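For reference, the structures are reproduced in the following blocks.
In the two complexes below, chain A is the common chain; its partner is chain B in one and chain C in the other.
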Partner chain A sequence: MFTADLLLNAVVAGVLLGGFYAAVSIGLTISFGQLDVVNIAHPAFVVAGSFCVFVLNERFGLDPILLGLFLTLPFFLAGIGLYRVYFTCFERHGEESLRGLAFFFGVMFIVEVLLIMSFGVDYRLVDTGYIGQSIKLGFIGLPYRLLVPFVVSAVVTVGLYLYLSRTFTGRAILAVSQDRLALRLMGANPISIKQIAFGLAVATAAIAGAMLIVIGPVEPSLGRLYIGRVFAIVVLGGMGSIGGTFVAALILGIVESVVGTMFGPSWAPAVAFGFLLLTLAVRPSGLFGR
Partner chain B sequence: MRGAAFWIVAVVIVVAGALGTRLVDNDFIFYASYFVLQFVVLATAWNILGGFTGYVNFGSAAFFAVGAYTSIALDKAFALPLPVLILTGAVASGLIGFGTGYLTLRLRGVYFAIATLALAVVLETLVINWHYVGGATGSYVIPPAEIFFFDTYVEGLFSLMLLLAVAAVAVARYINHSRFGRGLAAIRDDEQAAECMGVPTLKLKLISTTISGGLMGVAGAPYPFFVTYVDPVSAFSLDYAVNAVAMPMIGGTTTWFGPVLGALLLGSLQQWATVTISSELNRLIVGIMLVGFVILAPQGIVGLVRKYLLKARRP
Partner chain C sequence: MRHVFRRQRRLLLLGGVLAAAMLSAPLLTPSARAAEPIKIGFGMALTGGLAGAGKAALIAMEIWRDDVNAAGGLLGRQVELVYYDDQTNPSTVPGIYTKLMNVDKVDLVVSGYGTNLIAPAMPIMMSRKKLFMGLFGLAANEQFGYSNYFQIMPAGPEPKTDWSLGFFQIAMEQNPKPKTVALVGADAEFARNALDGARENAKAAGLEIVYDNTYPPATTDYTPVVRAIQATGPDVVFIASYPPDSAGMVRAINEVGLKAKLLGGGMVGLQYASLMTKLGPMLNGIVNYDFWVPAPTLNFQGVNEFLAKYQAKAADAGVDPLGYYLPPYAYAYLQVLGQAVNAVGNLDDQKLADYIRANEFDTVVGKVRFGKNGEWAKTRVLQVQYQGVKSDDLEQFTKHGTRAVLYPKEWKYGDLIYPYAQ
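So, the complex of A and B:
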């Protein structure tokens, strides 16, 4: 029986889920939306982040979200390295379209295979005090395993928004997405700015990975399920808008959660694809695009 | 290769393959060769869109699986003969290609690539929820007991796949040399310029996507009869998508011969590696070779050989 409180619960769960989706997508908003680097390996990096958190959690028993924050530094450096390779091999020659895509596709596959080789195809999970508990507000349940990622994601979103709009480097990143030549004329080096921005984008994958393993068990090929979602969110959010990404992620989360409650959770991945195709066919500039 | 020479070689290969089944008794050779030939079809199909037109398809596994599942459904419903199933598989995959292309090909090529990635996930979801073809648990296909002319079932399928592979290569070769193929090359090199010169870019892209998708369906249609058990995880395996990209990239994408070379090399290497070393390591090798070739030899083996020949000619 589909009742009003079931629907309300689904919507609330969708909002929380959407917050988590925002954290997964925000890195791609920076790399794809602002830098025009089509990093299709981003969801694979998120899963890699989850496994790093899993290993560190097993060894030191620290909180997964805290570990995710620690991991942003190595992920940031890895992102800078990856962008260096991408730039010298593809972007410099203007060959980013076909070969760049194939490059990231190969990277995605390699990450997945390496994870399978070191962890097998089993589901892994972490255990902390708050997983499994929830707050009850009337008949609405707020499970901590969704609430904590939502809050962290909101903080990350606001932080990134402030960073991009208030600091010099942040503004330079926005500038590089608008006009590279103009930025160079202003005396800033677009390549080093893009490098920092890409590092930042990959760094968010570490935090998102920590959330992913808090929300539920993780296996190496899980990233594929997120490709449709994250690109749907980034495009719907208007390609490069931080706030737009958050709103689009909430919309997708709510729709997915309601569809999942009505028709069963196995249909959820199809929702994101429908979203993506609909956005591309009807409004490719996104909800908030110009 | 000139027209007549190509056709003579093609006929000789098919006849030799069919006669070879009479001489060789080792079934494993045909089993392994079937896989390699299947990849020849898949890589050639990918290259018609990816190499000739410059639009990347990451969802080859989805098109392959559509061919396979069309076969399963129609075999279960009407028990149609295999040639008809191959045709229906091609039509189904071609239609999927056309639909995806129609929705996304007017935008930048990146969006098409992303849509194909997501397509694989959504079609897998549909099949998992489609209980008639076995859902998530998969389904068994009972192969016919006897097959015309051949001693064993595997030999027959091998010969069939050989014929399909040669046919796919002939289609790719024809496109490569035709007016249509030159239009595709113009799109690949500079789409805006092509549009300005009067090339009907959207139409050509759509035809190219449909043919490419249809041929992938051809590769997938006999698959259920070959393995006799198909589940969504194996039919939609990322390996197909990665190999379909890697093989043309390694062989060379601008000619019809590149993907054939890449598929024969990488396919045989994988068959050999799966037997001798672990299959995970073998997947890693494919991934590393893809990235390595994309970075170091973007024109593939064909490009390397060409460069070498040019150097040799001009001392």
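So, the complex of A and C:
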């Protein structure tokens, strides 16, 4: 009945799921964790990404994840534009915390309603050659539907990590989150750095959206189900730590999966968030936070 | 002299009053009031998880309104629909219906779509003694026992058990008989009601329940759930799910390779065109409930004309293009209301309710008669099996064959393929 191979399968499924959660959260790590922009509309952007992928997939028949990668550029530019608006209206006057949050709440609703008006409220799915099949490594089953997003997510995470730690702009992004004045003295314009960072964050939403629609059906208000989880992962990982976000997402995925398999799925969210609270009680800055 | 003028003035005054009364008479007589439309108010899921079907239902209801108004209206008055989006959120429902009755002053009310959205309105209806037509609530009146509630979903007099009765009967007809059953569903009102009924049916059939769990509706991946079920090795798996989880479970079942002999039962959403087309061959073998499929045994009067009108509008509206699941019933529940109003001759809720309780109605979904608790007097929950479904083809669902009707026997069209093979 409940044997070691069931447990192992649950852990593996959790890892794959965690990879997906990481892809959704990583954009928020940059915008919320590093830039202090409370972008509550991030899951809505992910859903918007899903719908864009859906439309292109119906039209051109290309693989959804590939389409997600193509969409990163338009999303990046949109992110820059959005940040400019946010900065001009709120950050410049120092009113970012509460009014900025209200602004992004508004953006979230606008994105949702635009999606409803354009696509209707029906669930949308994509079908690729690999959805519905899995590889079997011994007794461990790896469904492609989750494996492919996991691999892509890992690549994106490593890529972002290297970008932020090795390139000049990347390091400037980390710097601006720590000390904006010092960055100015170093000769970099914090505003243009921040807008690139925010653009990057929104670009990851395109890829995450592609993964979302591969994994399951999507409808315009689906983003609301992810708000809690995504913020929890960012906080658990230590705000602003890319590696921390990935690890936190994996932990959350594993906890949800193992509890769901062994004790009943109803317990999974409670235990997952309980783990978050426990960690914060012991280590308030999160797992990898400074 | 002054005496004469006063009398003249009084006569003039009297004449003026009479003239004013005669001129204003048209505003007060009933014939002028007849121009006022009859308002039917309701909340409907136009956004949120059930919106795919909710919006389709609204289209059907608008077709009914247009049909009735083209034929002269009800009691010589035009019909107007007054509605608000309940967002598939039960907490909006009491406010919506209070506004409809107190502020919009609607004449009649009907329900929105779905158990979760009907139940919150019941206490208000009961306190105001309103007639309440229900659209697809599973056992929503079980706890209340309200006598002026009538439900158009053909669940039957014992809705919780009637829902899955056919599924378990099919299971126990097989040889050798299955021995174990797994029960799984979403943690929501509808699924819990369905699972309660399934549990009773399983016990009555002598099946051993080896797995009995619910999952939170916001679950992303169902692979752990399916693996846990697989580990208990059940012969029969009964699933009570809503559209996103139905799709998730079907995919996970295919990926894990669940080895059950009979699978399905209460999966909402597998009747929707978009899910059927995308899930395609993964559906084959699943035995699920349904209410209407294009089979020769279910060719009721008016249903094909209605579907043609619906399908013409659905294409633009971004809703289910086929409209087999909810729209015919959304049309029918208003048909019952309209026929009752015409028969009774007024809008008195109690008189209408008494008429509906005592009579049989001819609708696009066949003959409708209500019984205990306002449910159908006789169950007509179909159990269908998906057979020979090919991928990415919507047309195949418009012809009979892809869904063999297995139960009830009087509507049967097709045979079961058993056991469920990948």
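Operating definition for what follows: the second predicted complex is superposed on the first by the 264 of 290 C-alpha atoms of A that agree within 3 Å, B and C clash if a C-alpha of one lies under 4 Å from a C-alpha of the other, contacts with A are read in each partner's own complex, and residues count from 1 in each chain.
Please note the rule applied: a residue touches a chain if its C-beta (ideal position, glycine included) is under 8 Å from a C-beta of that chain, and two chains touch if they have at least 3 such contacts.
Just so it is clear, the model here is predicted, and its values are computed rather than measured.
Applying the stated contact rule after C-alpha superposition, one finds that A:Pro269 touches each of chain B and chain C.
When the shared chain is aligned, chain B comes close enough to touch A:Ser97, but chain C does not. In the superposition on chain A, contact of A:Ile116 is made with both chain B and chain C.
When the shared chain is aligned, chain C comes close enough to touch A:Arg145, but chain B does not. In the superposition on chain A, A:Leu225 makes contact with both chain B and chain C.
With both structures placed on the common chain, the touch criterion links A:Ile40 to chain B but leaves chain C unconnected.
Once the two complexes are laid over each other on the shared chain, residue contacts for A:Gly106 go to chain B alone; chain C is not touched.
In the superposed model, A:Leu280 lies in contact with chain B only, and not with chain C.
In the superposition on chain A, the residues of chain A contacting both chain B and chain C are 116, 221, 225, 266, 269. Against chain A, in their complex, chain C makes its touches with residues 46-49, 51-52, 54-55, 187, 213-216, 218-221, 223-225, 227-228, 231-232, 243-244, 247-248, 251-252, 254-257, 269, 272, 274-275, 278-280, 282, 317-320, 391-392. The touching residues of chain A, when paired with chain C in their complex, are 1-3, 6, 9-10, 13-14, 16-17, 20, 116, 119-127, 131-134, 141, 143, 145-146, 215-217, 219-222, 225, 256-258, 260-262, 264-266, 268-269. By the touch criterion stated above, chain B contacts chain A in their complex at residues 50, 54, 56, 58, 103-104, 107, 109-111, 113-115, 117-122, 124-126, 128-129, 238, 242, 245-246, 249, 280-281, 283-284, 286-288, 290-291, 294-295, 298.
The touching residues of chain A, when paired with chain B in their complex, are 38, 40, 85, 89, 95, 97-99, 101-103, 105-107, 109-110, 112-114, 116-117, 221, 224-225, 227-228, 231-232, 235, 266-267, 269-270, 272-274, 276-277, 280-281, 284.
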